[in-house]
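Let me give you the structure first, and then I'll get to my questions.
Chain lettering (A, B, C and D) follows the sequence in which the chains are written, and residue indices restart at 1 in each chain.
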């Protein structure tokens, strides 16, 4: 059974087709990299997988279950998590509260209006652990607004990991990071256990290619090439798209 | 920008003005009068005039009534019921007033009537809600102006008997004051042989009356009960649409109040109205009142200013009767209700056993004389009671005039 | 001062109001402040914690007032009438929520405004039920556990108890996991969905909570005035309570209370001394926006901190010299 | 029959006045995303300015133009001193615009008193014109002409000038406009002044129909809101068509459904909000 199976996925905004007949299959435990020039429809594809956008055609299956019509909010409960290219965190809250919200999302506790959140020791310990995993435990109490961009990127990843995903979608996790930060995030992504399937959009080939087992190249909303790193790099269409064909 | 500190400051100012001729006033504390008026928002128009009328009265009396100094406390209700309630509490519980004068609107009065009665404070109000002196009387209330229907009763009589109108349409704001005015008119007009064929109720904040005016047809006159700023808009639109040329227009006192004359154009000329006050009345006190309001405030007074001036006269007469004493509230209200005056701005009047005025109602025609608009008195109905010529018991057995009562005859 | 000490001091001050304000009139003003504070706190659940600005909340407040007045006039007892009114409020809140939560932002504001105006129109026009602009008189206050609430002081304590219950429930709510979820939907609704939250349902439940306390405030208002008229449902009333929340400080517990005190005092007490009190009130709102755009309470805290650190730093600098 | 014709003509006329009232509101709301709750106050203040000039013996049209300029100045001061620093803070905008409307209403009461002040239409336009079987006040027809002229002028300004292009760019995408080097802050001031000016002008033009009185601001603001919701924000065509629809709804609704008089405008507004939140002719969801 594959982690993600997409068949004939299509989406258009007005007259503009941003996703056209995409087929994509990702095996369980696989590390998949999606590349393509700006406007290729990579983030749109993520939004379709998470349900933030509704496809016009096609089907999406998560671990063998068809989720095409499933409301977006239920998909995290099936083990789907993502990070965003443009950081979408909770600016007024501390790092700990950010990660706690992520943990709460999969806990029935989130409906409880009576108990004090700051007394939920198990939950908070888990949130601290998640921050620890990305090396931010020392900053747990700091308001998000007072952290650096690189730190926020790591919070994004910590929040996604805290959801205990089976399929993790990473939207440009290295964007805007310094060399040192890249190394840290790189190590962090390498440490993700194999029972988590990872699909990543990334422009930075140097770091990304090393992480990926298979690569999908998209252009104008379509899958152009798919294969191993060597196959894709060697493919004439890749050169054509990236080197100004 | 100067903010008037209007409460204690007034007392000081008035006392200073009175000094040269003031007799030695006994050590008794001043009589405290609370004036509930509206000085902010859309109802301020009438509220400001109310304050003018009462202030002038106190000035005429050097702020001394029946030998006692008067302290006036002015409270702005903001023109809403909850505000009126709070201000009534302020006046009664904090300032411990002996009389309440006001409030302006019926819905303000209804919000405080029980409270004021419980605290046994005599209240003199312009608010016209019929039932305040009919089916739900308040033992501490007197009304020297009129009930909503008190003036429109004789107007119905005049329309049927003198104007010989047969089929009349009515139009008034969609609220109790409108219902009661129109109901009173309909009752007497139909009892005198006329017929109301159409009743229209535009919402209070109607910007354009054209959709209503356009519905008039098959009639020989229109009766209106507008108040506030609506009469200006309505009469202008009534004339513009050619309705005025076809059907004579009649109205209650608020629709053609003398204070509105400066705002009307020729559109309103010819309107027939019924009012309990007219600036044209030839009594000494009215001449003085009109001249001084003109001098002090630059406008002709109407019912709001006159009503408050007359309320002041009632308080004065009652105090004279009690020898200036205010402690015995039962005696005070009894004295107030026993007041009977002849030389007042509205002419002679007295109160009935429910505390409502019995007095003259004037039928006026709006005319342009020497370039000025005036309401010329064309007929007077003396000694008009709130029950008109009906038997009180039978009258009170019927429901209060409302949107649907009396009903339209089909 | 520690937090429990501050709370104890505040409770002491509130509980002793009738002893030191001197006159039953001021006790009544204090009751009014508490009633409006409950209302403002209720609206703050939506405005401050859910990021949903309602301009129709006077509708819910008014339904509470009217339902109570009507049921009492119909001969119901106080307790059943109040309970039935609260049930009705929950129902009305659910309808308001289902309709208005089709939008957020300005759309939400406009839908609530339209709903409020429609209710106002009904109250005005459905005379057989509401008495039209004459309103409905309520002739008695309840006597819970045999304590008659007719005087200003007993009624103040009755209001104070409900006020404290409201503040307490808000404090618990805000600190709870559900409160955190609600704040999350305010800041990043899309992210919240991706985290597995049902954003619509969270907002809906918050709306019910807000509507419930608005209704309680409406019941108190009805008992306080012993009178209801369409004025309580008017757009002006909705705007007034919104101004209380914003001027005091949204998303805080003390802000709406401070805002309620400001408006009630300006309207009722200051208006006795300042003829143009509307002008002054407007100017105060504008000044708040200029000097404390986050609202009176957070703004004062900021100013106080700034002064405090400034004062502490100044002598230290002097010593270094 | 003639009643329905009269209502029809009046619907168009009222629509014209409503357009003048709401065009500025729509522009300001569309470009600056500011729900300008002082708009009704601008209308009323314009009417008071106008009537004061008329009482000094000024020509009607000159008075209307000068009142518009005066309100533009008031609007400019408010935008520069207050709204400028509140970009994106909707709650603070609500607080400050409502606070200002309190102040303006009370100042007007202080200066002009509580009595309604009537307006005369300009001489020569005071009578009535026969149209088929009815007579209709000439001035009300002139209002339609004025509305059309203002609509055309605004349209030309928005569609045919460089300033207009910049404004439209701002309406569609503020961030994009900034990137392309448009000085958005100056555009904002210009648009706010323009919107205020049209409102003030409308106050004078509406004077001979509505007169001016305390509370006129509160009567007008909801109408502007309804028109903009119905027509869609930031769309001139939307404001025009929205005004016409409200004109017809108001006139025929009052006659056909007197029982619904109080909700005849808010019910359609609610339905539009629920089922077509971008308005009938709007470009985006507000």
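Keep this in mind: a contact is a pair of C-beta atoms (placed from the backbone, for glycine too) under 8 Å apart; a residue touches a chain by one contact, two chains touch by 3 or more.
Since we're looking at a predicted model, the values are computed, not measured.
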Can you name the chain whose C-alpha mean lies closest to the mean of all the C-alpha atoms?
C
Indicate the whole-number Å distance between the mean C-alpha point of subunit B and the mean C-alpha point of subunit D.
36
Per the centroid of Cα atoms for each chain, what is the distance between subunit C and subunit D, given in Å?
33
At what distance in angstrom does the C-alpha mean of subunit B lie from that of subunit A?
75
Euclidean distance of C-alpha centroids - subunit A vs subunit D, Å:
48
Could you list which residues of subunit B touch at least two other chains?
40-41, 174, 203
Where subunit A touches two or more other chains simultaneously, the residues are none
Multi-chain contact sites of subunit C, meaning residues that touch two or more partners
124-125, 276, 278
Overall pattern in which the protein chains touch one another (line/ring/star/complete/other):
other
All touching chain pairs, where touch follows the definition stated at the start
A-C, B-C, B-D, C-D
Of all residues in subunit A, those that touch subunit C in their complex:
50, 52, 72-77, 81-82, 84, 88-93, 97, 100-102, 104-107, 109-118, 120, 159, 163
In their shared complex, subunit C is touched by residues of subunit B numbered 1, 3-7, 39-41, 73, 75-76, 78, 80-83, 85-87, 89-90, 93-94, 106-107, 110-111, 114-115, 129, 174-176, 203, 402-403
Of all residues in subunit D, which touch subunit C in the complex?
33, 35, 82, 85-86, 89-92, 94-96, 98-107, 110, 218, 222, 225, 229, 259, 261-263, 266-267, 269-270, 273-274, 277, 285-286
In the complex with subunit B, residue positions of subunit C that touch it:
23-26, 28-29, 32, 124-125, 127, 132-135, 137, 139, 152, 221, 225-227, 229, 231-232, 267-268, 271-278, 280
Contact residues on subunit C for subunit D in the complex?
47, 53, 99, 102-103, 105-107, 109-111, 113-115, 117-118, 120-122, 124-125, 235-236, 239, 242-243, 246-247, 250, 276, 278-279, 281-286, 288-290, 293
